[in-house]
Amino acid sequence: MSKSEVGIGLVGSGFMGRCHANAFRSVSGLFDVACEPVLRVIADATPELAAQAARNLGFARCTDSWKVLVADEEVDIVAITAPNVLHAPIALAAIETGKTIYCEKPLATTAAIALEMAEAAEAANVVTLVGFNFLRNPMIGLAREMISSGEIGEVTGFRGRHAENYMSDPDAPHSFRTDPQGGGALADIGSHIISMARYLLGPISDVQADCRTFHTTRPECFDSTKRLPVEVDDMTHALVRFESGASGSLEANWAATARTMDLSWEITGTKGALAFSQERMNELKVFSNIPGRSGYTRIEAGPSHPPYGRFCPAPGHHIGFNDLKVIEVAELLAAHAGITNASPDFREAYEVQKTVEAMQVSNVSRQWVVV
Amino acid sequence: MSKSEVGIGLVGSGFMGRCHANAFRSVSGLFDVACEPVLRVIADATPELAAQAARNLGFARCTDSWKVLVADEEVDIVAITAPNVLHAPIALAAIETGKTIYCEKPLATTAAIALEMAEAAEAANVVTLVGFNFLRNPMIGLAREMISSGEIGEVTGFRGRHAENYMSDPDAPHSFRTDPQGGGALADIGSHIISMARYLLGPISDVQADCRTFHTTRPECFDSTKRLPVEVDDMTHALVRFESGASGSLEANWAATARTMDLSWEITGTKGALAFSQERMNELKVFSNIPGRSGYTRIEAGPSHPPYGRFCPAPGHHIGFNDLKVIEVAELLAAHAGITNASPDFREAYEVQKTVEAMQVSNVSRQWVVV
Amino acid sequence: MSKSEVGIGLVGSGFMGRCHANAFRSVSGLFDVACEPVLRVIADATPELAAQAARNLGFARCTDSWKVLVADEEVDIVAITAPNVLHAPIALAAIETGKTIYCEKPLATTAAIALEMAEAAEAANVVTLVGFNFLRNPMIGLAREMISSGEIGEVTGFRGRHAENYMSDPDAPHSFRTDPQGGGALADIGSHIISMARYLLGPISDVQADCRTFHTTRPECFDSTKRLPVEVDDMTHALVRFESGASGSLEANWAATARTMDLSWEITGTKGALAFSQERMNELKVFSNIPGRSGYTRIEAGPSHPPYGRFCPAPGHHIGFNDLKVIEVAELLAAHAGITNASPDFREAYEVQKTVEAMQVSNVSRQWVVV
Amino acid sequence: MSKSEVGIGLVGSGFMGRCHANAFRSVSGLFDVACEPVLRVIADATPELAAQAARNLGFARCTDSWKVLVADEEVDIVAITAPNVLHAPIALAAIETGKTIYCEKPLATTAAIALEMAEAAEAANVVTLVGFNFLRNPMIGLAREMISSGEIGEVTGFRGRHAENYMSDPDAPHSFRTDPQGGGALADIGSHIISMARYLLGPISDVQADCRTFHTTRPECFDSTKRLPVEVDDMTHALVRFESGASGSLEANWAATARTMDLSWEITGTKGALAFSQERMNELKVFSNIPGRSGYTRIEAGPSHPPYGRFCPAPGHHIGFNDLKVIEVAELLAAHAGITNASPDFREAYEVQKTVEAMQVSNVSRQWVVV
């Protein structure tokens, strides 16, 4: 094993923590990575949780203090899957040590804090990557390439959405998601469709949003007999204009009864169009305008759409959600090794968050807001 | 043939004129109508066109004057498929004669004129019906029934659209569609999705729209070397709030490159959801929330969904666009005979037009507008 | 109205009778027909039924004797929608009069009788047309054109099916459908997929079928307390070889619980492929092999696919089942006027029936049978 | 890390070898496995290839001799992804050592050899598992549960297929796949749909197949100027009867131009039906017969369908092909630890192969063959 090793420190062992661990374990068997990730330290809220996580996920050591993890000399990359409110302190501490940072979204609880983080990282020249994993889908890469090459002409319209149903039950309890500090459907999943819109079409310049709260109280997390008021949005519909001249609409909805992962969009150009939904993540629909033969073609992910071929040798086999995370980690390692520039970095995550906040402002003012 | 006859006078013999004629010819073989429609008079712009139309469509007589047609004593129902600008004068003249009026949409070139027409019709107590044919789909009837019965719970979200591509070619010529008087994608096809939204969810109370014109000039109709400026919208995205408390977004787009008839919507309720697209007009998707078995069920139109059984004896056979017009004419005849109340009538068409205009106002003011 | 008239005599007023009547009433408003059909005489089992049918469907006269109808001098075209067992006597009588004959499928209760009918018609040089209406779909026409032009290369594989659920209820009563004389799923709907396979790929040369009966008794039609034995098949799967060298499989199933009209097929060629289902009759899926962009394109029926434009001016509007019958009647009138050759005629219907019988023989012998 | 370790020896490092390695690396972070797999030895054709594979896939040691690997005392499980012809010698050697064996399909080049392997394994009482990975899909598990519980009634019809296009190019070179010894579409991928049919519906009792070879020569693997004759099938269609009384048809096709992974089926029962395609592997369509609401429901894979929840916390995220292999390896480890019985084992793989051979025999005899 002649590859140099890179020490991983992971903060948090919930769903996303497991995803990270799995990706770090798998990546070198699937990608030609510059360095071999080694699971060195995991941190969680209590010593017991941390020990269990180390055992389950295969980390060598554990701690109940993220500060200890950040300071650990054998940790080269700090992966942050802790609650949103902790992203900033952990990341800022890691920036001071010069370590590479891999942080889940949303980057911070406010755009102002996100900007502070981005500026600190840039000043310290550290590598940062934010986990907008859906951008890693080979079909999204194909879409971006088709748009930027002009294959669908000039883009005129965008119609996007991230709709799920995980909060459609009025008795789904209060949590960090429903906390006014950075919570709500728009912040939680609207950020995904905003990041994807930016990835494909560039910056959003003007917004006008309408935020709605349907479930105005929710049970307290540990005492379901008490109900607390909810102030964040369950559903937001927004009008958007892009700097490019395109415009359209966008929805964030965590009470979308029928939807599990409708991170979807249709992008219309003057010569063609593209349509995608994460509910069928191995497909991209491409419209081409051939007389008598016009229609959407359902393109299946395959080795022609890198890095799909890292996972499967032929189309039709399908990659899954966890594979997107492996691609993200491969990107992270390449950036850590200085081979590529990490993207989306803290700066980009700040831009997303700024767009979210502009929408929230427009909802209150009932007027268009320039982002 | 003991049924009483009802004399039909049709103004206009374009696509919609043929549709009307076909529906009047077919209806009594498919429905138990109270009276037998007889094609008496057709009017068109010139004597030659009128004569040809009479021959092709099977009318007994013809004229180049709609006034003659309206005044004809053997005409009981005046069907109007003339250019939009003529709807008002023809309808107002017909109202004076007390005849039943069947008019294509949009009812008038402005909401004010539409209101005048509605009030005149109500004062004269004449039967009026406006051709929002898509409402006649048995699957739309099923959707409405499911919503009003509470089968999907309280409705929270609406996401609708009417997108076609018939004006996506920048060289599609100027026409009544692109005339500032009542033209534009929003007025032309946005009216369909607005009428359907109202039909399913009730009145829209507040709107905020963003109208865009991509093709700012178009060739003159009879001299393609000259280009005229276009002021109407090619694409409009709008936020909408309903009186019921639901809210969402709505799009009208006649430059939607990939779409031929995406008159579509998803309606989300607290207990279920419905989804429909006119591109698959014989299907309704119904979501029901059964643990481990949740998902959208694709329901096919069949005899359980009246009046489908009038056309085919079993599901899977499918009705088509022209059949919707036959259903509309069956409704018209029932209303003419006093058996049912015609709907949507001029009043309802006015309400749709008022909503369109509120959107246009909001686009200029860049603020929410109360309808 | 200068067009010459053609007198229609219709035997039978069930579902198919209504279809015929509707098509004859509509056709001249939609197609440029050479002659105007006039509904002259309708025959049904009793004078009462015949009178009611005349009133409902708009025929001038009625009779309870098909012989009277066939002999009527004002009847130019005899349309037969009577029970299968009557097809032969009516058609043979009509052939003697030299009238044009429009007969529902299956043509006869045995292939031998069908052959006798075909030979009689050919000897008398009368025009015959058999109601395999699904062939009239513009998308089927497009498929045929693409296959014969070589657009999908040499055809290798066929996988077809006609599956419905109208007999899946074990208590669906005995009827002419379950009568050993010409009944069973294979004869009733298998004939549709066989006729379509022949229309698209040419003659079937060898067959091997496996017929199954799941509901071995069914209630007597007018006394549901008595059950009669059923000998005909509910489901048949068959292997088929075509003269062209292609091969594949085919299913007929009237107990297909989940299916309403799955008259569907996939045809694979060396360069492309086509897929169709009548459950989405306005769509054809076309596969083209473009590196990185391969996939099925969903083509929507539109004016590029004649005679769709006769019904609607733009794609996305959709034609329905009854429109297929209008197209069929337009073909009938053109053949009656000597403009085109009628197809599928009695000869072709005999070939279909011969294929059905070869399958039935192979099921008994458990060996391949040359058709 | 208190879990006991289990030493893995992997023969072969092609696509399937990488799949195995990835699954062994990931499994303990996703499942609560009884023992921790450790990648000890990898064998490949040459020392160089073996060394490279060890480096890429993370094995501690390497060898160019599978015999050395099998004899290695630190190897507890022998995973076989070598060419088909080597399965038997490697497996038989491993059986002698008493080691657990994890072998790719097809198990052997003939059913006779497969039987010998199964009997040897049973006599030695070793754990065997064969890589029919598609059975591991949670949606297949759900289908099986629904069938066995009677949720869709008595099963009457099966219509299945495994169609891909990887050999549709006539210049795709000769390989082990086209070798008469165990090659052909039927043996290669037909085995998948046969194993799945058996998994869902039980043993197939009678078959009648029609095998076709379209590309009768193919280029030699290392000298494309020479073409060799091909004797194996490109496409097979077969009629099948099940011991349960159900019947239907089945296709294996590796020249299916439009298909990448159409391992698909529809299973019809007297009360319901199920439909699945691996091209949308995270979906199962379930038909339920509710008056006016009948239709296929698209059920998305989610935590209600174990072991989906091991990978993702909510529906809509999707698992991929490689995850199926992780599930398989979790099963392997459980069986190795004596917690569960491995399935499908060598005996079951023999039964599949026997069915394949019965089909091949029937193709030659042109008669039905009892399996």
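Labels A, B, C and D are assigned to the chains in the order they are written; within every chain, residues are numbered from 1.
Following the convention adopted for this analysis, a residue touches a chain if its C-beta (ideal position, glycine included) is under 8 Å from a C-beta of that chain, and two chains touch if they have at least 3 such contacts.
What you are looking at is a predicted structure, and each value in this text was computed from that prediction instead of being measured.
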Any chain touching chain B and chain D at once appears in the list A, C
Moving step by step through touching chains, the smallest count that connects chain A to chain C is 1
So the chain most remote from chain A by C-alpha centre is C
Taking each chain's mean CA coordinate, chain C and chain D are separated, in whole Å, by 42
Per the C-alpha centroid definition, the whole-Å distance linking chain B and chain C comes out as 34
Among chain D residues, those touching two or more other chains are 259, 296, 300, 315
Note: in the complex, chain C contacts chain A through residues 142, 286, 288, 291-300, 304-305, 315
Note: in the complex, chain A contacts chain D through residues 1-3, 15, 18, 21-22, 25-26, 28-30, 32, 55-58, 164, 166, 259-262, 278-281, 300, 302, 311-323
The answer for chain D against chain C in the complex is residues 152-153, 156-157, 159, 161, 168, 170, 208, 210, 212, 214, 234-235, 237-239, 241, 247-249, 251, 253, 255-259, 266, 268-273, 275, 287, 289, 296, 366-368
